[in-house]
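Listed after this line are the structures, all set down as structure tokens.
Across the two complexes that follow, chain A remains constant while its partner is chain B and subsequently chain C.
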Partner chain A sequence: MGAIIVSGLVSGALYALVAAGLSLIWGSLGVFNFAHGVLLMTGAYAAWWISSPDGLGLGLGIGIVGALAFMVVLGLVVYLLLVRPWIGKANAELAVIMTTIAGSIFLQNLILEIFGGRYKTIDQVVTGTVAIGGTTIQAQNLLVIILAPVLLIAMWLFLTRNRTGLAIRAVAQNQDAAQLFGIGVERIYIATFSVSAVLAGVAGILLGGLFNISPDMGTDPLLRAFVVVVFGGLGSLPGTILGAYAIGMIEAFSSYYIGIYWTPVVLFVVLIGVLVVRPTGLMGRPT
Partner chain B sequence: MSMQGSRMQTTGSPPLLEVASVGKSFGALAAVADVSFALRERDILGIAGPNGAGKTTLFNLITGTPFFPDSGRVTFRGTRIDRMAPHRIFRLGLARTFQKEASFANLTVEQNVSLGATYGAGLSGRARERAVDAALERLDLSAMRRQPASSLTVYGTKRLMLASAIVVGPKLLMLDEPASGLTASEVADLQSLILGFRDDGMAILLIEHILPLLFGISERVMVMDFGRKLIEGPPSEVARDQRVIDAYLGGQSEAAHALAG
Partner chain C sequence: MKKDWTRIGRIASIVVVLAVAAVAPLVLTGGVAQNLAVLSILYAVVASNWDLTLGYAGIFNFAHVAFFGIGSYVAAIATLQFGVPVWLDLILAVVVVVAVGGLVSALALRLRGIYVALVTFALTQLCVALINSAKDITGGPVGLIGVPDLEIRGFELGSEPHAYFYAAEVLLILSTIAMRWLATSHFGLSLVALRDYEAYAVARGIPARRQRVLAIMASSIPTSLAGCLYAHYLIVASPDVFSFSLTTLLLSMVLVGGAGTIYGPIVAAIVLTVGTEGLHQLGNIRYMIVAVLIVLTLRFLPGGLWSLWTLVPAIRRRRATRVPSPLAEEASS
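And then the complex of A and B:
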């Protein structure tokens, strides 16, 4: 039982990090970033390349800091190349789905070309195991369980206290009015993408410490994050976080009691059930 | 430009805002066509016209939100603004309110005003606090400063938009139907607020369907119809003009006439 809950909390925490970034971009720009999964993967590769003896060999600390700095830049590049040219034009939503899918295919294959298809491993940030209440947990799992809420709270404080955070929310609510408050929407979009990319990078580095890293490691988390965002309510950050943990738990319990092959079925049955009762998701606002 | 008020002819300095032959089409529909007017400091110009006449579109063209004009020029304080990013126009001293509530509902009243002070006026620290406090005080919102903007009444939301607009100390305030949905006593309160802003040195551009207010405080009134400027002049002249009565005033012309006279 303890192990199931730990597994649910770890998945929930990772889904929350990935989905929060996705939700942030949906909330302010009204587009889905299908490159979010490869951002996660790229973050993991950046950390591996900087830290591993097979790469620059600078150690995990510099690897993490360097990877996150790289994510800020990558977020900017994704926004400028794949999103910005279509914002404000007709069918921007559809165009950006296509451009970000194209971008993610490109990046994924670029990574494959550069680093090859063999699995790599990042060192765990913390090693060993911890015994809590009769259950033995890998220390890295415990780190994920604790770090994700800390980061999400930090993000919430940023959005409610910081002037750039407030401006992000203002732009999300009413772009025209925000501009006429003197807010440069362009800069805010760039900030949004960078924050989102950093969250994806953190998820990638944590995931890379738990499993292997490979060019397609972002695909599954992205799919789950979409389910989470729809389940929790589009554009609602509390809903997204609640949805992430709910889905992590549902997966963990159904894998154990029903079987791993049935988990996606259970997941989508629950999703469909929620959408029938609440078409806007758990905490979504009607548009 | 034969109908300009006397102030226009006696002063020699260039106008605060000059709109020259501005136009915007959506497909075959000319939403705004060849509209020109000028506004001096501390002027109040009222804009009237039936729904769909292009009044709000004209505002949108001046502020570059959400689109720029297809043709014509807009000059504000000697600077061309018809291709300028909207947030930079605001920083030049041109503030605007919207017809629909356009405060940020999830933010507090204070945060709303603070955003304008931060991004519009570039204030921070003590100076920002003082500016925000003064704007909240002016619009009688101090008691509600920690409430979410969504909790305000209709007039409260209008006052919040005004507070966010004046916090930067604009030279021109553009108001899009500020009185819609207000009670008679609220309209009277709004009227004295607007006149107070003018006395503080702001020019006012006012779109309003409540004609007693529009004709009561405007020094000049411009009437639009089908995207074009029909007439511009002192309220008394405009209210008597047969084209205006035909196009727009209809049953209200008696009232408008009486007020303007």
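And then the complex of A and C:
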């Protein structure tokens, strides 16, 4: 039982990190970033390449910092090349789905071309196991469980206290009014994309410590994040986070009691159930 | 006078298309070339069908490739596991796919925009999960091997090298006629009206959800048949048909060819299938090239390759009154 809850909390925490980034971009730009999963993967590869002896060999600390700095730049590049030209056009929503899918194909094959398809392992940030209440858990799992809420709270404080964060929310609510108040909308979009990319990078590094790193490691988390944002409601950060933990828990319990192969079926049934009752998700607002 | 020329042009293009269709299987006799041709024709069917719902109706329906996959699996499961006679499995596949398409779209279209895309994406993943979990029937990740040949009165299509080529061509031609007819009918116009100005269209009495569900069901019919043909031709049904990469490939056909044209995706399907195969020695780099192509098309040629055609002044004048492609128009408000 303890092990199931731990596994649910770990997945929930990772999904929350991934889905929060998607939700943030949707909230302020009104577009959906299908390249988010590939950003996660790229973050893991960046950390691996900087830290591993097979790459630069600078150690994990520099690897993480360097990877996150790289994510800021990558977020900017994705925004400038794949999103910005379509913002404000009639079919931005559809066009950006396509361009970000194209971007993810490009990045995924680029990584495959550079590093090959073989699995890589990234060092765990913390090693060993911890015993809590009769269950032993990997220290890295515990780190994920603790770090994700801390990061999400930090993000929430950033969005509600910091000037840039407030500006992000102002732009999300009313772009024209925000512009009249002297907020540089363009700068805010870039900031949003970079924050979202960093969140994806963190998720990638944590995931890379738990499992292997491969060019398609971002696909499953992204698909789960789809379920999460529909379940919780896109654009609502509390809804997204709640949805992420709910999905993580459902997944953990269903894997144990119903079977790992049937879990996606269970998730889909839950999803359809929610949509029939509440088409905008648990806490979403109508578009 | 001008009208005569358009009519002559139209008849001439029909004659050319039919002539190419009749001759191509006799010219492309090599195994590889033929294989490539059959695949690109089947992809052309799927991409041009998808164009009806994505391009004309503007529905973010990402389950279309799943219809193709379900079609191939119904054919394989029916013939291999339940001994359903060949041909009957085609009818069964159409019935199953239309039912699934109708049910899922009726549920998914309670939502709007991006949510539709996410739920239909989830459906495709569900198919893979079901295939993996019901191994006894579906063969699991390996798929089902040994799907029997299609046969007409004892004549097996696989025994004659051109037969599947012609069968695929017939399917493409019939499907294209049906799609163009639907797209230009009152039904098609109502879909475009809903896409461009939903509130007004609904106010004029167009039932939004019903029209869209019907569009998805109609577009799934030739697609499911293409899936059957695919399974019978390749002798296998594999979960790869539900993969993200196939969805992306077909999507790029619709977009690069030109959404909202039906013909564009067909041209793009043939060009991209042959092109990516021709660049085989480049390995993964060819996918990067396709990705760059998608972005460049969306940026600089939102109407797709087919819109190049309309740059010819005479045609542009004639088309001025027609429905523009969904991606081609700028924000007017």
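Definition applied: the second predicted complex is superposed on the first by the 286 of 287 C-alpha atoms of A that agree within 3 Å, B and C clash if a C-alpha of one lies under 4 Å from a C-alpha of the other, contacts with A are read in each partner's own complex, and residues count from 1 in each chain.
In this section, a residue touches a chain if its C-beta (ideal position, glycine included) is under 8 Å from a C-beta of that chain, and two chains touch if they have at least 3 such contacts.
For clarity, every value in this text was computed on a predicted model and none was experimentally measured.
With both structures placed on the common chain, the touch criterion links A:163 to chain B but leaves chain C unconnected.
Set side by side, chain B and chain C differ in how many residues of chain A they touch, and the one touching more is C. Touch criterion met: A:176 reaches chain B, while chain C stays clear of it. When the shared chain is aligned, chain C comes close enough to touch A:81, but chain B does not. Residue contacts after overlaying the shared chain place A:184 against chain B, while chain C stays out of touching range.
In the superposed model, A:54 makes contact with neither chain B nor chain C.
Using the contact criterion defined above for the overlaid structures, shared-chain residue A:102 touches chain C, although it does not reach chain B. Shared interface residues of chain A, touching chain B in one complex and chain C in the other, are 88.
Within the complex formed with chain C, the residues of chain A that make contact are 26, 32, 81-82, 85-86, 88-91, 93-95, 97-99, 101-103, 105-106, 109-110, 112-113, 219, 223, 226-227, 229-230, 234, 259, 261-265, 268, 271-272, 275-276, 279, 287.
Interface residues of chain A facing chain B in the complex, by the touch rule stated above, are 88, 163, 166-167, 169-170, 173-186.
Against chain A, in their complex, chain C makes its touches with residues 58, 60, 107-108, 110-115, 117-119, 121-123, 125-126, 128-130, 132-133, 244-245, 248, 251-252, 255, 283-285, 287-288, 290-292, 294-295, 298-299, 302, 326-327, 329-332.
Interface residues of chain B facing chain A in the complex, by the touch rule stated above, are 63, 65-66, 85-88, 90-91, 95-96, 98, 102-107, 111, 114-116, 118-121, 164, 168.
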